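Per-chain residue numbering starts at 1, and chain names A, B, C, D and E are given in the order in which the chains are listed.
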Amino acid sequence: MNQTIPTAEPITVALMGSGGAGAITAGSLLLEAAGKAGWYGLMTRSVGPQIRGGEALAMVRLAPTPVNGHGDRCDLLLALDWENADRFTDEIFLDADSLIIADTVGEPPPAMLAGGARLVKLPLAQLSKGIPGARPNIIALGLLAGLLGLPNELMASRVAATLGRKGLTSADVAAAIAAGSEAATAIPDPPRLASPAPVNGQRWNISGNEAAALGALQAGVRFAAVYPITPASDLSEWLAVRLQQLGGHLLQAEDEIASINMVLGASYGGVPALTVTSGPGLALMIEALGLAVTAEIPAVVINVMRGGPSTGIPTKSEQADLNIAVYGLHGDAPHLVVAPLSVVDCLPATAWAVQLAEALQCPAIVLSDQLLGQARTICDRPSQPATAEKRLTAAAADRYDRYALTASGVSPMAIPGVPGLQYTAEGLEHSVHGTPSTRARDHLAQLNKRRDKLLQFDYGAAWAESEGEGDTVILTWGSSTAPAREAAAQARAQGLAVKVITLRLLSPTQPTAFAAALAGAGRVLVVEQSHSAQFHAYLRAHYDLPALVSVFNRPGPLPIRPAEVLERLLNWR
Amino acid sequence: MNTITTLEELLAHAHALESEAVERYEEMAEQMEVHNNPELAELFHKMAAVERKHVDKVEHLAGDNPLLRLAPWEYRWQTQEAPESVPVGHSHYRLTPYHALSLMIACEERAQAFFAEVARATPDSTLRTMAAQMAEEETHHAELLRQWRSRYPEPEPGWEVDLDEPVSQE
Amino acid sequence: MGKPEVITPKHTAKDYKSAVKPVWCPGCGHFGVQSALFRALAYLDLPPQQVAVISGIGCSSRLPNYTACYGFHGVHGRALAVATGLKLARPELTVLTVGGDGDGFSIGGNHFLHACRRNVDMTYIVMDNEVYGMTKGQPSPTTPPDWDSKIAPGGTGINPFLPLAVALASGANFIARGYAGDPNDVARMLVEAIRHPGFSFVQVLSQCITYRPEEKEWKHSVHASPEEPATTMVAAAQRLVGEDSLTTGVLYKGERLSYTAHIHPVQRSLAEIEESFVL
Amino acid sequence: MNQTIPTAEPITVALMGSGGAGAITAGSLLLEAAGKAGWYGLMTRSVGPQIRGGEALAMVRLAPTPVNGHGDRCDLLLALDWENADRFTDEIFLDADSLIIADTVGEPPPAMLAGGARLVKLPLAQLSKGIPGARPNIIALGLLAGLLGLPNELMASRVAATLGRKGLTSADVAAAIAAGSEAATAIPDPPRLASPAPVNGQRWNISGNEAAALGALQAGVRFAAVYPITPASDLSEWLAVRLQQLGGHLLQAEDEIASINMVLGASYGGVPALTVTSGPGLALMIEALGLAVTAEIPAVVINVMRGGPSTGIPTKSEQADLNIAVYGLHGDAPHLVVAPLSVVDCLPATAWAVQLAEALQCPAIVLSDQLLGQARTICDRPSQPATAEKRLTAAAADRYDRYALTASGVSPMAIPGVPGLQYTAEGLEHSVHGTPSTRARDHLAQLNKRRDKLLQFDYGAAWAESEGEGDTVILTWGSSTAPAREAAAQARAQGLAVKVITLRLLSPTQPTAFAAALAGAGRVLVVEQSHSAQFHAYLRAHYDLPALVSVFNRPGPLPIRPAEVLERLLNWR
Amino acid sequence: MGKPEVITPKHTAKDYKSAVKPVWCPGCGHFGVQSALFRALAYLDLPPQQVAVISGIGCSSRLPNYTACYGFHGVHGRALAVATGLKLARPELTVLTVGGDGDGFSIGGNHFLHACRRNVDMTYIVMDNEVYGMTKGQPSPTTPPDWDSKIAPGGTGINPFLPLAVALASGANFIARGYAGDPNDVARMLVEAIRHPGFSFVQVLSQCITYRPEEKEWKHSVHASPEEPATTMVAAAQRLVGEDSLTTGVLYKGERLSYTAHIHPVQRSLAEIEESFVL
């Protein structure tokens, strides 16, 4: 083992390889092993355009405290090979403190050395040759265990548990890990992890998409109809198995239009239901979402955003579906839009969205993104949904008016099967009874009702999260929260007081709560990952902002980095 | 199966056989480039170059006579494609040189079998001689490839295993 | 049909009628389909609250509001998807989907294909008037190619869609054709259709007196099939491809298992599922 | 003939009847006859929910000067019967100066008499009995000719030309008109029309939907694929015949998704193409519009708005598809949105939209509405499209980069058939060549290009229309323009200087031109027909407004009335 | 097949190949379809600029970028609509639509139905691997009901879609099935399909070696139809309903007139049309 003093900072390890080198698998195993050893962590991945055998990059950040995003730089790059490494030069920031470990064969692209990173070559492939079934990526895991101070046994047991099926014996795994770990001793001055704090409570290993699905289940979803689409399909796939186990059902529909309409059918039948998609699929669901608004049927769409417009960049993240989510429906169609602000928050945010949809008899769009959804985190056990809002169902009555005007705007909803409450869910404008009507007074009454039920509802504190205090406020949402918060922390370290407000409830707007949260703010920096500054335009349209507003918006496919935000905080413009 | 009866037809087949091999090897070389297997990319490029020489040779044999060109489905291969084309399903991005050379050997063997059958079936002696000669050459090619292959160890079972999952796109 | 069944139903046809007055043109065939449906439901003695009638948009799709059942008047062309979700979520309900030829075969064609294929236990009634009534007389997929209209002057020139043949090729488990002018016959088919497991498709020729007044002639040209329903796809294909589209009766009864929704009993608790994330 | 002095004001005649009474036909004939006699006019209609035999109302406004909207009150209501007249009490404003003429049978609903209107009963049905083939509505036309001072012969010739086919002889028509006209003499003190000015140039009789279609043809559209939907189908139907005559083609597709994709196919093939729809259909086209943005394919969607959300109120007008039109696409997808501001403007606005779409290789949405589209006007011959922007096509080149970065942002587009320029129109993000790319720099370059080509284009003065001058500015769009202008005129008459700015180009935004147009404005009244004040939120998001902003927004189904706007001008709040 | 045709084409297969390298997995059947297409186009000697290749989204739908023809890589499932618009606007082009079973039969099902019915003169090639390759191996409409996958654990339980039978019932004018492992045979079908007037549908069994490695076995199980193509719908229905889905060959050749687009010569000028508005 090396003797360097561990730093208190998180460290970021990049694992890169191509054509089946197993970089992603290695990254997951590193995350898991570090988690087992008591660290928190986050792993994201980046891949080439090939279905298989493409170049791949796993970025793993580990720390003794919770990790929500990547930092700006990479401490350690482990290159299993250099094929097409060029693709990743934009994503791996190496500086003079960075260490690159690579196989003896091949050379890094010059860009990766430009920052002055130290390059150490090791015969990874060579080392694996001697051990039956071993591969360079397993040697690499041993090496990382050695470098980062993870016990060899722990690493070996994770590897054996995952890869055992693929014909590797425990002894061979142990030998491969040991060989790698041994090789680590030859590397002077490696980046080291601060020791983990003692673990209190349960730690979970979960992806954002899994978290969203679990949140939905916790909130009572028992039916889903979906159509596969990147980067949302893994959510559906996880959900399919669990719904089956829970006595519910997930159906792969013929298309997205069918999915959302099936969801409306199930929900009309009284079963909380959802669908899962990404931009192009959401575009196809727009018409039916309008029906859900008018006919007042609860429904949830989890939209895992990817690079747009059109088919765009399906494997990468962007926050550019905000417009379609909040404004996309034709006519005046108020509805709910909720955005998780971290990988872990995918769980409570989605659960909340389901509850709100049920309670308000309205469609809710959950705006997650590829970065959150496909990231995997080691975290504390996520909290259960805070509230338990449910659908208000109708009881027998003399005359049942499905769309009765009530104080809350929410009318009791009859569930098919209950005698005496038969009604027709109606997409035409209608009277309180649900009979089609073209009358001005019916239209106005129902428009008011559909708006007011959303506006009058008490969303409590969950509408936003605030961190820090200061005259300078960052306004942001979703996956931009992590870099914004990290930048704010760095600014604070430099003496600038910064408050970060993240909106979780994007629609309906919350002008009063917003004004309170922003009270006293001297200037606002809006941070978002979109080319046209959609979030800023949305804030401007519906909220009062201070006179001094600066906007940092940048499109994907690269995630927003803390340094970019910090630069805008320090050089205000 | 009706057989080849004229020299013209034989040359047409030989030409198509070699040029389709060039196309397939180039295609496989590209696949390897895209899938980060540079060693194999080089190998397939090399093989395409070799086959291109064979194309030239057939063209030379034909001399000034324009080569007969048949509709793709009119060739009388004994196989689904021209015998020297690696069947589409046999590629893999984790191929090793050993595999590649084995595929190439199989190609040469199929080509040999094709020409041998033409030689066997024809009553025309000129045709027989030329087909036999071609079969001979293919045997030779196969032999050279076998020698080449002997430099590489046979890959262990599980060579095709990729620990990473395929990627979901679009 | 053998000896008449003696029934003592608790419900009569009018128990299925709501207080909402149809906006249909007097003389519209859809009235006949409505009567047939009420008679069939009464015969089956289904409590109205156990029946859900799902539709899209069109004159025909207005039906749910006219029934005293649970109704769903959704968007154009998507009724079968709504019905599928409902039936999978609430298998104990009797789910009927109703609509027009435009709704079902034009914009809704994909859901029609896949509903047939999926074979969820429900009944789909298309009131086929070979025209878009609601939007003022445009050609639908079943309109003859030479029918002159404003939007397709001189006719569409497109061969009509064969709903029954397509239903068969796509996997529907029960296929029938009725005529709105003979509501009792349609009622009989609907009873059979509802009882038959899996996806049942009933096309009802239902004249649009406003835009296709010539359809009044249907009463002279429809004719009952003299044969028993086919029971194999091959036999049915023989009958449904190249037939005259005016033959009424139950034409095919398949034996495919209906989609069970793979709804298993609960095998695992949510807590156990959560457990799987623990490091 | 009566002796009352004709007023200079326009007069509004309502013709009402049910179940085949022919009120709408009578309205059209009145409009036409008045047009022939030299008046300008506008006719709108309102109907019950029945397909046939429903209650119907034709509102005809006539004046010696161009008419763009209805006023606040009705001068003359001619009721052929009183069946279901209740439905129209919200639409026909009768006051003490109003005259109601009705058949002797039946009684008006009390609401129609509440304003003090004078009721005259005449035996219309009785009068028609004696004349073979005549109907009360023809008698009514004679009556109106007499009352309004239209020559009997002129009216008779219009009626004969239109209804002649239906088996009515000219002599019978003349007799019926004469009978009605004669009956008019019995009515003291009728509303009278100011004499028309001498006609200079051509007068046209055209509906907004026809005007839009004609504009599209003038701009070169030769292919259309549509799916019927109210209130847009009549546009398609008119177009179908004319495209056939012009050697083009209109196809009724299987659905709206097919329509818009067919349009993209035809346009990719080099033929300017469009589709026509209303809210629910537009919702289904959203995905393909994103493709048109990314693949840079010109395409036009004429969206004739109706009451929303969902199926809503199909036969009535509303301006509530603004959000979906400007914001509905997923990802950052800049595109064009153009709104005609009067019935006549449907022509040049649509022609302009086609030209812009072609020139900018981008989809354009034309936001018309039921009020404009289904209204019929007697107007001066509309002006031809002012500009003649065309698609920039590619010529042979060594290497053709379909998405080349150019100064204007517009890249020459190759048309299939031209050798050497083969390329693939691509909905994935791509390099300049059109090859799919996930690289950050390609994404940014193409996002910039797609935005900048729209922003850099010189739209000239057509982006908006301004009327009047004043410290008080009304900002409005589309069919709200007419009542806003009429209110402004009335305010001016009361000494309040009001300027009315109507935006014709809704997207992209024009901040510089807007600021110039608004320079010096002290306060702004936003006028729009939507429940959620979509236009106001859009203006707030993208433009700088003065501190004093008031919003008058009201949903459909009733048209905005000048009096409502005037009230807001006079009682600012 | 008689005497070999002697051809002297100006184009060879590689004239149709672009410089873009496929991202397809090595071993993917789509390579075979690509070869077949290039060979067919070369045989037909069509100038690449006269050919437009239209697709949706999927591995298979990536093909246009790999050709040297005019290409269109649109959105998922809508290729046939794009192709229809293009062909009607530019009838002189050879329009080919290509894509996968997911793209064509799942989300694109409605356009498939209506393209068959409309019978516009173009060729539709579906590279059917009975799976969604691009999105990681979900079942498609043609997937066997018991194929286990993450999204449908234990199988979908849904009977496979019969593309050829549905194409026939919907009105396709030419129906064939090929196998990607036999590109020369596929090339032959494509040549016939392109030459045949009206809507030609060619399903090519094209293995997905990544998600359906068992499809490598197709090379043993596909078998050429011993019969000549059927020429009537009834005869074809007999063959296509209840067949084994592994029979290759041209299975149906119809004689329906292709949709002429009703494109008449110019009859009237714009000025004359404008005239009609003059009061």
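The working rule: contacts are C-beta pairs under 8 Å (C-beta built on N, C-alpha and C of every residue); 3 or more make two chains touch, one makes a residue touch a chain.
Just so you know, these numbers come straight off a predicted model, no measurement behind them.
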item	value
Reaching chain E from chain B through chains that touch each other, fewest steps	1
A-B or A-C, whichever has more C-beta pairs in contact	A-C
Per Cα centroids, the chain farthest from chain A	B
Maximum centroid distance from chain D, chain identifier (CA atoms)	B
Between chain A and chain C, centroid-to-centroid distance (C-alpha), Å	43
Chain centre separation in whole Å, for chain D relative to chain B (CA means)	68
Between chain A and chain E, centroid-to-centroid distance (C-alpha), Å	38
Residues of chain E engaged with two or more neighbouring chains	23-26, 57, 73, 75-76, 106-107, 109-110, 113-114, 134-136, 141, 152, 210, 262
Chain A residues counted as touching two or more neighbouring chains	49-54, 230, 233, 244, 254-255, 257, 280, 287, 290-291, 295, 310-311, 314-315, 427-428, 436
Junction residues of chain B, two or more chains touched	34-35, 93, 165-170
Each pair of chains that touches, named by its two labels	A-B, A-C, A-D, A-E, B-E, C-D, C-E, D-E
Residues on chain E engaged by chain C in the complex (per definition of touch)	106-110, 113-114, 117-119, 141, 152, 154, 157-159, 161-162, 165-166, 168-171, 232-234, 237-238, 241-242, 256, 259-260, 262
Of chain E, residues touching chain D in the complex	18, 20, 47-50, 52, 54, 57, 64-65, 68-75, 78, 81-90, 92-93, 110-111, 113-114, 261-270, 273-274, 277-279
Touching residues (chain side chain E, partner chain B) in the complex	1, 4-9, 13-14, 21-29, 31-32, 35-36, 39-40, 43, 57-58, 76, 134-137, 180-185, 187-188, 191, 207, 209-211, 216, 219
Touching residues (chain side chain A, partner chain C) in the complex	32, 35-36, 202-206, 210, 214, 217-218, 222-223, 225, 242, 244-249, 251, 253-255, 257-259, 261-271, 273, 287-288, 290-291, 295, 378, 381, 414, 416-428, 434-436
Residue ranges of chain A in contact with chain E within the complex	49-54, 226-230, 233, 236-237, 240-241, 244, 250, 252, 254-256, 280, 310-311
